[in-house]
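Listed next: structures, encoded as structure tokens.
Below are two complexes that have subunit A in common, paired first with subunit B and then with subunit C.
Moving on to the complex of A and B:
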């Protein structure tokens, strides 16, 4: 294996900063390859940041796709080990409601057991005792090892480990050309938001761009037919359930409610959208009403719970047939060696699959990369904990009683795992809360700015949850913007960023703007627009956005 | 309990109406839930800051003439606006609130981000610029309190520099304020104001400020002093060696709380009854007139009066409620002006004028609301619950509050003589 010649040469270029791409970058870096990852926006911008945060047991696919279900379960067990700081072990219920077919429940439970998923039919009384939020009229329940997982945290951990092993992560750069020589790809041209171009070279390119993978394949001159299946979700203002609650029936709209930190997430819809619509994440009133009417059947209390926002992502399914919704398309992993399929050497596409199986997807893609490069390095990701999930010293409860830590410290520990030691909150002012909803302290914001390159409010939100809670950034956004301006001396950029952040939050609030959500939106407008004058700030030009991070 | 007038809502509009009626010897009760929009305000009041086309208003009285007919100023007539604008200033003065400005010409207030915004009246101790955006000084010392993060100093400084001020920053610590810090959420404006209500704490602060002063001509501090009155602020201004002015902070607004406190005191001194924690759930009618209302904390009491004023605010005050598909006035189901269909309530772009801001109770030219088209003759609606105005795009909220309150109170008095 040759050594790349210069700063612009790598062994492998990975395109896409979602969970799949960052997983591939990490695996490649752990195997000693010199890696460049290129992402058009920020990490988790696509489907990775726009899903349920559900750590499937595989049960949902047990009936329709047992092989995929077994794969999910195996990966589920691995993630509990290597990414424990990203996982909340909630367990899940599949409930049957009046009118549902209880025969399906038995078929479902049998299929789960067949796929190695520890599913257990329990009494309705036991289900209500385990999860008081569940619809009390349920007629059946199956307990499964579902869990909640934080996609932002998981992706960030992969980035941190990839970087720790020498990988270069280049965000806010779009791949605008794929360079070929003869019948092989040899590199890419990446363009930043100001139109500046740079060339990067590598003998192998991995297309991990999710739904945008079709476009990337096109740039390489090969055909990849994706099936854009849009899924809309709702976030509620507090956590009404402690277990994942699924409907025990053929997968349909609004039939999963996942607890997520202090909130909960209801989803999803599934509609095929044209490829021209994949950048449109606007949620319609129809989708909101549909989700809500189904969600209240799972958990009646949702009818009176404030909805914080609505969002949508596009599942990167690979087109298999002319199905209308995408529900029937396999969630199996698709790893394409374009040398075999299209005679294009050096180009690999990794797609399909699920967030749950990202590690396995990365392993398969990296195996292929290594084969092409003649490397015999073996995959270690199933056994190597991610940064934050390394085994730490056992906490001594007595010590904690003697030296109580703040709630924000605990919250930060939950978010950053064993990296908590890098967050310095020894002095009282470092413990001051910037975001009260999610308990993000000044110290944690400082850590995210200095160690996680949180150079904008959106980047800070993805790295700390700041602004994700009940108030949706009402107070914390301005505080954090001022802190960033204080640190980097670029107030003009951060005032514009504040306006951008609030405008972006509004997109998700607007489809659910009634009741308390509309009242809160009005209060937010009175604070930011009437009092502060953020509506008078001109929109940022690309030159003020966070730039090249090489 | 029987009153001449019962006012539902204890914010700026309710208090303005209550004071005016009590000044005329009426027996008045204000039923208030507790929260007020004043807690989220700056140190300024606005009559009209922007025209519907977005341009800055320099002469509010004059430019009000071209507002659409649905705007409350047009509903009551701009002649009424000219009549009552000076009364508003007198009413504030009588409550011990000293302001600068007039309705003939706007001046500029400075937002917590250092952005100038047109204003009608501003508290005397706040920084302002004239209509040409010029200040009486050029070099200022911007004082921040260490660890107080609701004063976005880096952004404010930039904004002030954009306004042409030379701006040095000094971060101060005093022992009294340091004590607050032991709790993670205590460094908020109202908590700091509580600490700074001790004269000794002001002494400490003035020493630190004077130590930081070098060649600056003026001192700017966050508005965190004087939750009940401005005595300690006056004291600090005497103790420092340069002219000192306040800049508004992020909420909670100490000045807004003070404004409400002063107005409530004035109302109480005039013999008014202020019932806090009283959320009105229901009005009881006798023919087309309201006979009494029932409040949440006095479920068995019928609170009767000859006249009623609805001053419950907009959505955030629960004066209006949006269900999944309609806009309602929740107490009496009054006729509202609102568009049909949730899609039409909001604009996709946050900074465009939002239609829902203009939703509200529909009234006749005397501010009487209606139910199914039938006017309720002994009910007046005032302030943010009214339709046709926009606190963001027109910057008219406090003006609408005070002017419509004065109009309604005078209408009641003229009919009860």
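Moving on to the complex of A and C:
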């Protein structure tokens, strides 16, 4: 394995800053490779930032795809160890409602056990005691080791570890060309948002672009048929459940409710969309109605719970047949060596799979990378904790009583795990809140700006939860924009960014804008327009601004 | 993860009331603690915002919640009717990590301490006023040395009633029941005696509630929800029994009234709807009777003259009933009424007694004390016994209950 010659040369270029791409970048970096990761927008921009945050036990696929289910369960156990600070061990229930087939429940429980998933049929009374939010009319329940996982934290932790091991992460750069020499790829051309181009070289390229992988493959001159299956989800204002609640039936619409941090997320739908529609993540009224009507069957209280926003993502499924919805397509990992398949040396596609199995996907892709580079380095990601999840002293409640910490400190500890030590909130002004709903302090914003390269409000949101709370950015967006402007001295840029950010918040609010959600949005609009006069400021000009939202 | 959030209180959260919060922060503007205490996150933060995190993990319940006075001025200010104070009060009770200490038990047990103390007065009062006692309370119990503990009556109100008033009550054609509260019984019987005199003059006989006990508010404020619940059950039952014979139950203490009417349901989760509307402050009852033409205010002493500064206690504000007490006072010929701006006195029941709160308590009350000094009134009038305690100690002003003023004014 030769060492890359210069700054633009690498052992491997990874395309895509989702959980798969960042996982590959981390694995490669841990194995001593010089890695470049290129992402068109920001990390987690695609399906990674637009899913349930469900850490499957695999139970959902136990009946239809036992091999995939077993894979999920194995990875589930690994993530509990290596990504402790991203995981909440909630456990899950699969409930049967009147009209559901109880025979399916038995088939389901047997299939789980067959796949190594510790599933246990429990009484309905026990289910209600465990999770009082479930529909009290349920006729059956199975307890499974599901959990909740934060995809933003997980991806960020992979990025941080990749960088700590020498990887270069290039965001807001789109791959516009794949360079080939003979029958091998040798590099890429990346173009930034202002149209500036740069060339990067590497003997191996990993296509981890998710649903956009078909386009990347095209650039390399090979075909890859993706099956874009769109899934819409709803975020509720607070937790109504403390366990994952699934419907025990063949996977269908709106049958999973996941407690994610301090909200809960209901999903999903599954509809095939044309490839031209993969950048459209607007949620339709029909999708909202469909989710709600199914969701209230799982948890009746959802009917009266405030909805914060709706969002949609596109599953990167690999086309296998002409299925209508994508529910039947395997969630199995697809790792393609295009040298074998298409005679194109140096090009690898890693796709399919689940967020749950990202680490295994990264391992398989990196094994192939190493084989091509002649490296014998072994994968260590199953045993190496991610940054933030390193073993540390357990928080002792008695100590806390002696040395009280602020609410925001506790919230930040939940978000950054053991890296909380890097957030300096000793002084009162550092503990002052920027985002009140999510308890994000100025210290945490400072940390995100300086250590996590949160250069725009959207980037800050993905790294801290700022603006993700009940008011969706009414108070915090303005404050955070001011902090950023103070630090980099570019107020015009951040005023424009503020407008972009608020428009993006509104995009998710609009499909669910009724009741308190609508009142809140109106108050926000008045605050920003009538009070701050943001409507008098001209709209952002695309050439100078980070366009990190579609 | 812990399932500690699922105890008996959770049932009262089911209406998701806190999600109506639009984060407008008006509550924080009206919070008397936020105005003087930077360590208090404010009602919005401690209430609806904190609640989302507490639903995830009770670990997010911290000691800053104890800084809340439970004055409910946040709820009065909220344009969306979010029960902010209830959310804080409930979180405090649900997740309190500490076992109540001697001080909490002493301050909360108004009935027990009152029973012992009234037997031992005046010796008990002397002991309480001794410097060494104050020093002991300050250091060992955390009851501030500066504070003049309420003195105890030689004869409890119930005993006075038994001896001086009980017999003649059956002579009236109309009857009302009276929930006197602990303070009237053990500490300051004057409003109770005034109440009986006034009602008799208006033509109503007075019946006491059989086996009335403390309303439970001090137990809620001092982290003992189970005790509060027991008392609430008891009082609700006794009130139901009494109201079968005497359907009108009157009170003179604004906090007892507010506790039975609102806190029993919103904080303790008890169904009190059948009792709630039968309970009213005496001033409200009298004012409404006069307003409806069912009652005529009897003649007042011809030379009666009194310049009154009326203070709206926090729980009066929450009940929305300051109007009745102040309007009734205005009806009395010879009364010149100055309506003080509605501000918290800082005492909040037992809050101001505590060493760690004493200074903050006075700081909270200072704008009110200043207004009282400037009003140059003959007396301050308020419906709350603990406001009376605080205002007297802080300003030296004479403080009366509105019923006492009415009793003073009416011609013999």
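Assume the second predicted complex is superposed on the first by the 538 of 550 C-alpha atoms of A that agree within 3 Å, B and C clash if a C-alpha of one lies under 4 Å from a C-alpha of the other, contacts with A are read in each partner's own complex, and residues count from 1 in each chain.
One rule holds for everything that comes next: a residue touches a chain if its C-beta (ideal position, glycine included) is under 8 Å from a C-beta of that chain, and two chains touch if they have at least 3 such contacts.
Source: prediction; values computed, not measured.
Asker: Looking only at contacts as defined up top, I'd like to know whether subunit B or subunit C touches more of subunit A.
Answerer: Comparing touch counts on subunit A for subunit B and subunit C gives B.
Asker: A:89 contacts which: subunit B (first), subunit C (second), both, neither?
Answerer: It touches subunit C, and subunit B stays clear.
Asker: Kindly classify A:198 by the partners it touches after superposition: subunit B alone (first), subunit C alone (second), both, or neither?
Answerer: After superposition on chain A, A:198 lies in contact with neither partner.
Asker: Scan A:475 for contacts with subunit B and subunit C and give back first, second, both or neither.
Answerer: Both partners, subunit B and subunit C.
Asker: Let me test your reading of the model: by the given contact rule, A:289 touches which partner, first (subunit B), second (subunit C), both or neither?
Answerer: After superposition on chain A, A:289 lies in contact with subunit B alone.
Asker: For A:523, select first, second, both or neither according to whether it touches subunit B, subunit C, the two together, or no partner.
Answerer: both
Asker: Between subunit B (first) and subunit C (second), which, if any, makes contact with A:486: first, second, both or neither?
Answerer: A:486 sits against subunit B, while subunit C stays out of touch.
Asker: So, does A:304 touch the first partner subunit B, the second partner subunit C, both, or neither?
Answerer: In the superposition, A:304 touches subunit C alone.
Asker: With both complexes overlaid on chain A, does A:273 touch subunit B (first), subunit C (second), both or neither?
Answerer: Once the two structures are laid over each other on A, A:273 reaches no partner at all.
Asker: Given the touch rule stated above, what does A:174 touch, subunit B (first), subunit C (second), both, or neither?
Answerer: It touches nothing on subunit B or subunit C.
Asker: Take the contacts of subunit A with subunit B and those with subunit C, and give the residues found in both.
Answerer: 407, 428, 433, 436, 475, 519-520, 523
Asker: For the complex, which residues does subunit A have touching subunit C?
Answerer: 88-90, 130, 132, 237-239, 242, 259, 261-263, 301, 304-306, 397, 401, 404, 407, 410-411, 428, 433, 436-437, 439, 469-471, 474-475, 516, 519-520, 523
Asker: What part of subunit B is in contact with subunit A in the complex they form?
Answerer: 37, 40-42, 111-113, 115, 117, 146-147, 149-150, 152-155, 157-159, 181-182, 184-185, 187, 248, 250-251, 253, 314-316, 318, 321-325, 342-343, 345-346, 348-351, 354, 356-357, 391-392, 395, 397
Asker: In the complex formed with subunit A, which residues of subunit C make contact?
Answerer: For this pair, the touching residues of subunit C are 1, 3, 5-6, 10, 14-16, 18-24, 38, 41, 44-45, 48-53, 55-56, 59-60, 62-64, 80, 97.
Asker: Mind pulling up the subunit A residues that touch subunit B in the complex?
Answerer: 282, 285, 289, 406-408, 428-429, 431-434, 436, 441-442, 475, 478-479, 481-483, 485-486, 491-492, 494-495, 498-499, 502-503, 506-507, 510, 513-515, 518-520, 522-523, 525-527, 529-537
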